[in-house]
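Structures are listed in the sections that come next.
The following pair of complexes shares a single chain, chain A, combined with chain B in the former and chain C in the latter.
Showing the complex of A and B:
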């Protein structure tokens, strides 16, 4: 197993929110999607990876190195886009580039200018005058221009128009074709992940619910629709979450085979999307 | 570290130019009206020491610290870069202020008053006193840290005045200690032993301040 990122028993206590023994890994050459509702801990994990916040326990290894002891070496191989890109607002894009580029020994100026052109970013424009989407594009151009081996994207597609989002997803897919680069992509837009992610990690209330290959997740999870008479106490325990209507219910299961055995022809089975999984596990009822 | 220093210099170049010119002009006029080089260095060091502090508070204003901390540098390098930039800026602006005083028509201070070893050590001591107190608080708490110093000093003054009779002995001892430090610095450092001792003390205080800042900055959530 060739992991670029390994997180073990990561803990962070904010008082009103705790990240509880989070463990998962990202394999070299793959895209990992990090999903979860607001306040689940996605941004906290990305900040901990970049040592922007202090961890209370656990271990983070990137490229086999400790992210605290080898901070500079690790970060030189990471490209990042924060959920809100903050730069010195009154500067022109070309000035910001001039300040950031010297920090990276593998900075590729030709690639940066190519990306700026592709993203329709005017280099002489002042950062503060850009729209949120344009700011995100600029942050992405900076993140991709130093040939990082691990790209961290924190809600990076949320401010982007659908056309550019699709282009970005294609770019990320192209990026990992050399099987050396990897992406950790936190987002609310689960449909983006279904298009490109190889693995998915679901986090809720600071805890990892599951971390698994995307195709396996989509194959094993399903939404069961049936009449309320089948919603027995035993079946409620079987489901990960359910929603009761007047005469019928919809429920989420991570064991489609067992569900088919239990309900047979009395229920309808739909493949669960990531959005279904997030919805039922966050907002659906569950057996107490 | 060089990249961090250059980044801050370039990002704040306009602000630095404007504020430095204002300060140099002000201290040029002020310094030419007094005849004590120590008073000039005391006030000018306070003013020039504030400039790097103002630069670092601008990082708070732009919320750009998370960007700086995401770059391939360690927190220790960020702290060291800030100290080095703080010392450099303070000393450069101090030299320019001294130059302005000497060039100002009718100035009461001459080159021999300002350009001597005693005044150099005195200026270094003042710079150390200002930056070594402000920097750890600034690095950990941002502009709020500076307000804490300002308000804390006033509250401390009120408390001391309120209990001046009860704590008379302690106060007398503290004032005597401060007097002896000033007396040491005022007595001159012509003797190589005193010079070495003064420089060693300055280095130690700066080192302690850097270590304190590193410890505080490692614990800061960005």
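Showing the complex of A and C:
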């Protein structure tokens, strides 16, 4: 297997929050979606990949290299967009470009200008005068202008209008067409991931719940809807999470076959979306 | 490292220019004392350095630039290099400007004898003082960040000053209390450096000053790298 990113047993202890033995990998030429509720540890993972915070244990290998020992070499092949784009706000976009471009030997100025043209970003505009969406676009243009092999996006689509979000998703899909580039895309907007991600990793309370191919995930998980009389203690244990209404309940399962055997024609079965999975596993009731 | 210095220059150049203008206007008036001249020069350098780290902290750009293809140690080394370049550039400006103002016969009101400070000993005092200030400040900054680091630095500097004052108070003959010294402490400091130079002989004095400056910077740099590599951004 040709992995560009391999994370094994990654640990980070903040005292009030712990990342617990996180392991997953991103294959070359694919888009991995990283989902989870606020405070689940998505940004912590991305910060650990970029060595912005110290890990307490585990291993991160990028392009087969250790992200600490070969930090500069590894980072030169990574494009990143943080959840909030922080730059020197009083500078013009062209000055910020002049600050950042020299750090990348593969910086492609023509590509940068093409991108900011596509994104309608005037190079002489002062950064602070841009809207949040435009700031994100600028950060994205910087991330894509040095021919990175791995793109890390941390909540990069939040604050973007639906039109640009769709354009961005198309751009990301275009990026991986050469099967050399990969994307790790952390987001709350799970519908975006369903459109483009090949794999999905779900993290909750600092722990990986699952990391699997997107189509397999969407095929495996179902939402069961039935009357409350079927919500027995045994069935509650069977579900990964459920929500009780006045007369009926909705529940999440990763074993649709067994659910159909149990409930037969007394229940309705819908395919679970990523949002359903995230909701029931985070906010839904559980037997435990 | 030079790329990081360029980044800082692009971010802070207008502030540096403002500091320079403020210095030029300020230095015209308090040049009545060599010490004021020295302090104003050091304040110019520390001000330029301070505004550079302040705007980085204000705009929270540290995480972004630490995500670029750089090691933490390179980021620390670049800050020391920037401090060195500012000291060098600032020193040239301070001494050139001092000489220029002093040479203007029509500016008699601010004319003082800068003969003492515009000497080898004066330059040595300037370099050593700045090496000490920068070398003392950066480990605090890289360990605790700007706000807490600056506070820690100020408290430690105050403590060090009080300890030094206590040691001097114990001396039977305190040269720093003499009327001659108090008249223009700058001349007194340069004179004291001159005494050390004469005592050691000039070549040994230069070697000692060099070792002392490099030693302060090296220890400070090692500490800063160690602290910064452990800091979560």
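Criterion: the second predicted complex is superposed on the first by the 288 of 288 C-alpha atoms of A that agree within 3 Å, B and C clash if a C-alpha of one lies under 4 Å from a C-alpha of the other, contacts with A are read in each partner's own complex, and residues count from 1 in each chain.
Criterion: a contact is a pair of C-beta atoms (placed from the backbone, for glycine too) under 8 Å apart; a residue touches a chain by one contact, two chains touch by 3 or more.
Since we're looking at a predicted model, the values are computed, not measured.
Novice: Based on the shared chain A superposition, would you classify chain B and chain C as clashing or fitting together?
Specialist: Aligned on chain A, chain C clashes with chain B.
Novice: Let me test your reading of the model: by the given contact rule, A:91 touches which partner, first (chain B), second (chain C), both or neither?
Specialist: Touch status of A:91: both partners.
Novice: Please work out whether A:52 is in contact with chain B alone, chain C alone, both, or neither, and reply first, second, both or neither.
Specialist: both
Novice: Examine A:104 and indicate which partner it touches, taking first as chain B and second as chain C; both and neither are also allowed.
Specialist: A:104 sits against chain B and chain C alike.
Novice: Should A:202 be classified as contacting the first partner (chain B), the second (chain C), both, or neither?
Specialist: neither
Novice: Would you sort A:71 into first (chain B), second (chain C), both or neither based on which partner it touches?
Specialist: Touch status of A:71: both partners.
Novice: Where on chain A do chain B and chain C both make contact?
Specialist: Residues 47, 50-54, 71-76, 78, 80, 82, 85-89, 91, 95, 98-100, 102-104, which sit in both footprints.
Novice: Which residues of chain A touch chain B in their complex?
Specialist: 47, 50-54, 71-76, 78, 80, 82, 85-89, 91, 95, 98-100, 102-104
Novice: Please give the residue numbers of chain A that touch chain C in the complex, ascending.
Specialist: Touch residues, chain A against chain C: 47, 50-54, 71-76, 78, 80, 82, 85-89, 91, 95, 98-100, 102-104.
Novice: Give every residue of chain C touching chain A within the complex, in rising order.
Specialist: 3, 6-7, 10-11, 55, 59-61, 63-64, 66-72, 74, 229-230, 232-233
Novice: Provide the residue numbers of chain B that touch chain A in the complex, in ascending order.
Specialist: Where chain B meets chain A, its residues are 3, 6-7, 10-11, 62-64, 66-67, 69-75, 77, 218-222.
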